[in-house]
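One structure below.
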């Protein structure tokens, strides 16, 4: 079976699983299990198809469809195969996880949940492989539609329903922008196929227009600031395995779209395109993490963190695009490598974190971190994998988050040495921004892990929490393993992703790894070896252990005391640091950025009140046309009718006169 | 073949006569049988046309001397639209069987089955079929007028002051507008010596312009475009199946249809008509969108939505004058898809009224919980009408926009109008989806919680339409390729 | 130098720093005492403290978790790894083939992450506040570290610490205004990272009962203290390696090694001496005022960057 056949069978399996779980919706347990196992099987097929595409040549399928808008084309080149791989990995973990997790939704439609979830994943797979603009839009909207129903799944909560509405509205507006950019390409080339777009040779002004439309259209879906407002509302509202998919891969399909349209098809000819992407990326990274710090709802914190990571990915994309436009192949490859590697890494660890949050919600029945605490005792495995995720997302060596951020730094380093003045000035500043963002991310996730899992339980629910079912642990465990392997296995993963990046940038591949080291193009610039770091971590443990042994420390015992020191007062759990006040100094220091959020609300409120007043005045306008047009006409008709009426006055003699006149006229006419 | 076409047209007329004669208890069954037979005939015509490679042909039928008074033209468009109108007519007849009963909490039907209703409805179905298949101007005019009379009869069905006024308003407006068609037909006869549409292409440009102005005025009146649109929201006093059929799916499409048929027959049309058409269409679109916001009555909101969707079709037809065949196909596809989608939406409104007794949107909350089938059909209808794939509206709207961009290659100013049309789509989506979002998911309001069950025939019609709303987009695209 | 000799030098550096870190912190303690007109403890007092603590029973808080127990080890391991990468004895970075300056910065972050988490995990108020302050200060200071190191890397055309160090040592990177300003900013950073007054914020003895260290005792406390001293020395050695790297050996030899060690000890002692003078001349700043200091330092850093752009 070649790659395309595997992909189609995977999509069909997802669809079949969805339908089956819908049919089984009366029975909760079978529906859950079918949906989960079917989804997992389909994900395996999709992953195999990605592997097949990498091993073989780029595969494609064309069906002369029934529409005038070109053929149904599926093409798996390096980028598509990479996306399919990422989606399938996360979908696999999420499907296994959902077997246990959906029990939380018993009685509220487990079958429907399975249906929409599987359709959603199938649509995503199609989005990243289809190579015709018309079908792309169909699957794109289908993806949004399926995920909309998942977001409003807890329909008794008004916030979920309104979050879903806002999500769909902004996504629809984004789709309209993307559609416009496709239409401009259609107008110039006469077809909707990506292949014909590629060789279009359009004037640069039109290309820039297409780029701007596509950037904001895809950006609305990816969650860049300022189009991100739906993300912190919609991602927490959905069930947790769906949130994992939304944050982990759905927003990445938007980045895929951006890369496909602006880099692959248009070729990124102008340097300011990449710079715009870089700037918005940096802005999103900063604001995303700043807002995440403020949150006490665990899932909203993770959602804002997704905005931050999308910003980091876009920084890589921006640098890569600038590399392409400046004809610097190394810069282009490293930039895209960083972006794609971070895309995959984020999918893995954000998926893990969301699933961990779901496990916490499953046990402690709350999303508010102030009411959690001490869950590490009750849920040791969950807390361990969550810690792995938190360490990874804070970019701590040797896990995967560090590797991709290292590449972003290296790409900015290369960019700082180019001839372009703007880059020489701004690239180091963006590197510093990235450092700041990284430090704040560490702060955020210390808070997230610390207040949730450590300390003392701060509510009854937290005290009564128990460990989650095995399937949920298995799903999370799979992702934790992936996170570790992507980090430690960097020397083997990097050339792979580097090849994809080179294909995207349309340049020959660079050497990015040798042996167990990775480096950005040339070894002299800087080298990293994650396996050795890990081994050193393990090996250097001997120092303290030897020291302890040598100094007789092993003979001193341990005693577990009851409470921490509280200056002699009786200790209470509320004395510990809580989620609300943990980041308080940060909030004070960065107050203008938080004010930005409140200030931005003001014009929106102004528009809303204006719209309301305008809407209230509309009913008065409704009868206007009727009065100005119809009533004069009716009046005229009635008047004419009145005149005609006068002829029929009821006098028999007048009628005889009419008959006589008519006969006379007829006689004269005939005999003339 | 022509026999089947004629059967499709005449069977409903036969049925309407039978309704007047037969005993009361047979009326419902007879109507359903007759329309089912007519539907099969038109579907067969569609099928055989598809098998023979979609080659159209004309057959002249009624003569006066050697002037052809009426003939049938069977081509891609007439077969497609004829079949959807008759099919939907059948579904409406079935739905009405369940709707017009004492259980209807919106309008309690005390007197049982009314012959008047089925008489006018069946006559209308026949008239619609005749209109679509007509190959002469006279045929277009005659059936055009007949549909107006049936609409008057049906809007005033409930016989109260409001409906009688609405019916009168409707017929006077559409009749005044049809003066344009009368003059155009008369002029046509004088200039070409006959009524055959095929002679249209032989006329010169100035004459074409004047004829089209007459046709456009009639079309605007019938299809409720600015400034002759005001009768449609008031016509919602009709029973909901009638609103669904006449005032969403077919009668209002009659105006669009005559415009489309004349465009097709006329060959190249002077661009001034196109300009007038697009501008009026965009103005109507915008006005219709603005009027969504104050509407509290579900059916009135849907009426304004119909007005905007019709203006989309006019927009597309006018764009085709600038040289885009895609736009023309998009318009026809949209007639097809909108009939099904908006029809479903109206029937949902009817079901809601039937079971809860109210049509006011602020009172309708949490439909999905109490009436899952109705809730799902609401979702399907909203998505179909606003153009979200995979439902049908997306495909025709996309074709229209593609056609717009195609046409704008020769006339760049059209791009602005196409962008405005896209903006309007987003506005429509935002509002209609907001209505969905506040009415369907969530906890039920008091009226909804006390809702009764809907009749099985209504459920049947809703389910069939929902499936069609999913599939018809693909079908239309494939058919019109 | 060959990889083998580099590995040997790296391990040697680790052992030396592990052994000497308490000596330097003891030296700082003695200096403070002298400046306070006190007699002060013996120079090796910190060693005695560590040995004593090691033998004491450890008391763990009831709700302390796995994180609490592993943090002392993580702190030591990350400090040692940093020290193995920084060029102390040799001109090249001994483990430079494992990582570069970015890795060093993030290894410091690793230590901070776990220390803060340990502070939170004990559930103690002081621990939590210490954790919060530690992360806050790092958020203010880390951009500055990156900025200065980034500029130095750009001058050296590599992020490898050995390349930077060699560049400054051989004069390939002359002492431009950029480098002087960078030195000033980085000195500030070292000051903050080493937890010296006025930035003794996260282990504010008077205020927070040692902050994140509060609930540690016995063996755990000994290891945490030791790790903290090692981190101080590691950051100081980073400064020396980047800005005053002369005297390191270029080939492996016993004489060269001893000479390099002696020069390093003198440089480090000088820096600790300067730091002690500054530290004891000031009181601890209020926590909320800390950002204003860091903004000044950031300003100097940006000036350094601006000068780099203009190539002064």
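The first chain written gets the first letter, and so on, giving A, B and C; residue counts start at 1 in each chain.
In this text, a residue touches a chain if its C-beta (ideal position, glycine included) is under 8 Å from a C-beta of that chain, and two chains touch if they have at least 3 such contacts.
Treat the numbers as computed from the prediction; the structure is a model and nothing was measured.
> Centre of all protein Cα atoms: which chain's centre is nearest to it?
Of all chains shown, the one whose C-alpha centroid lies nearest the global centroid is A.
> Measuring centre to centre, with centres taken as mean CA positions, what chain is farthest from chain C?
The chain lying farthest from chain C is B.
> Between chain A and chain B, tell me the centre distance in angstrom, where each centre is the average of that chain's C-alpha atoms.
So the centroids are 40 Å from each other.
> Taking each chain's centre as the mean of its CA atoms, how far is chain B from chain C in angstrom?
Chain centroid spacing, chain B to chain C, equals 79 Å.
> What are the residues of chain C that contact at least two other chains?
none
> So in the complex, the part of chain B that touches chain A is made up of which residues?
Within the complex, chain B touches chain A at residues 169, 172-173, 176, 226-230, 233, 290-291, 293-294, 326, 329, 368, 383, 388-390, 394-395, 398-399, 401-402, 405-406, 408-409, 419, 422, 425-426, 429-430, 433-434, 437-438, 441-443, 474, 477-478, 480-481.
> For chain A, which residues are in contact with chain B within the complex?
Chain A reaches chain B through residues 66-69, 134, 137-138, 141-142, 145, 152, 155-156, 158, 161-162, 164-165, 168-169, 172-173, 176, 179-180, 183-184, 186-187, 614-616, 618-619, 621-623, 625-626, 628-630, 633-634, 637.
> Can you list the chain A residues touching chain C in their complex?
For this pair, the touching residues of chain A are 373-374, 376-377, 380, 383-384, 387, 391, 394-397, 402, 406, 409-410, 413, 416-417, 424-425, 428-429, 431-436, 438-440, 442-443, 446-447, 449-451, 453-456, 517, 524-529, 532-533, 536-537, 540-541, 543-544, 547-548, 551-553, 555-566, 571, 573, 575-577, 582-586, 588-589.
> Over in the complex, which chain C residues touch chain A? Could you list them?
Touching chain A from chain C are residues 14, 18, 50-51, 54-63, 65-68, 72-73, 76-78, 80-81, 84, 95-103, 105-107, 109-110, 112-113, 116-117, 120-129, 131-133, 135-136, 138-140, 142-143, 145-147, 150-151, 153-154, 157-160, 163, 209, 214-215, 218-219, 222-223, 226, 287-288, 291, 305, 309.
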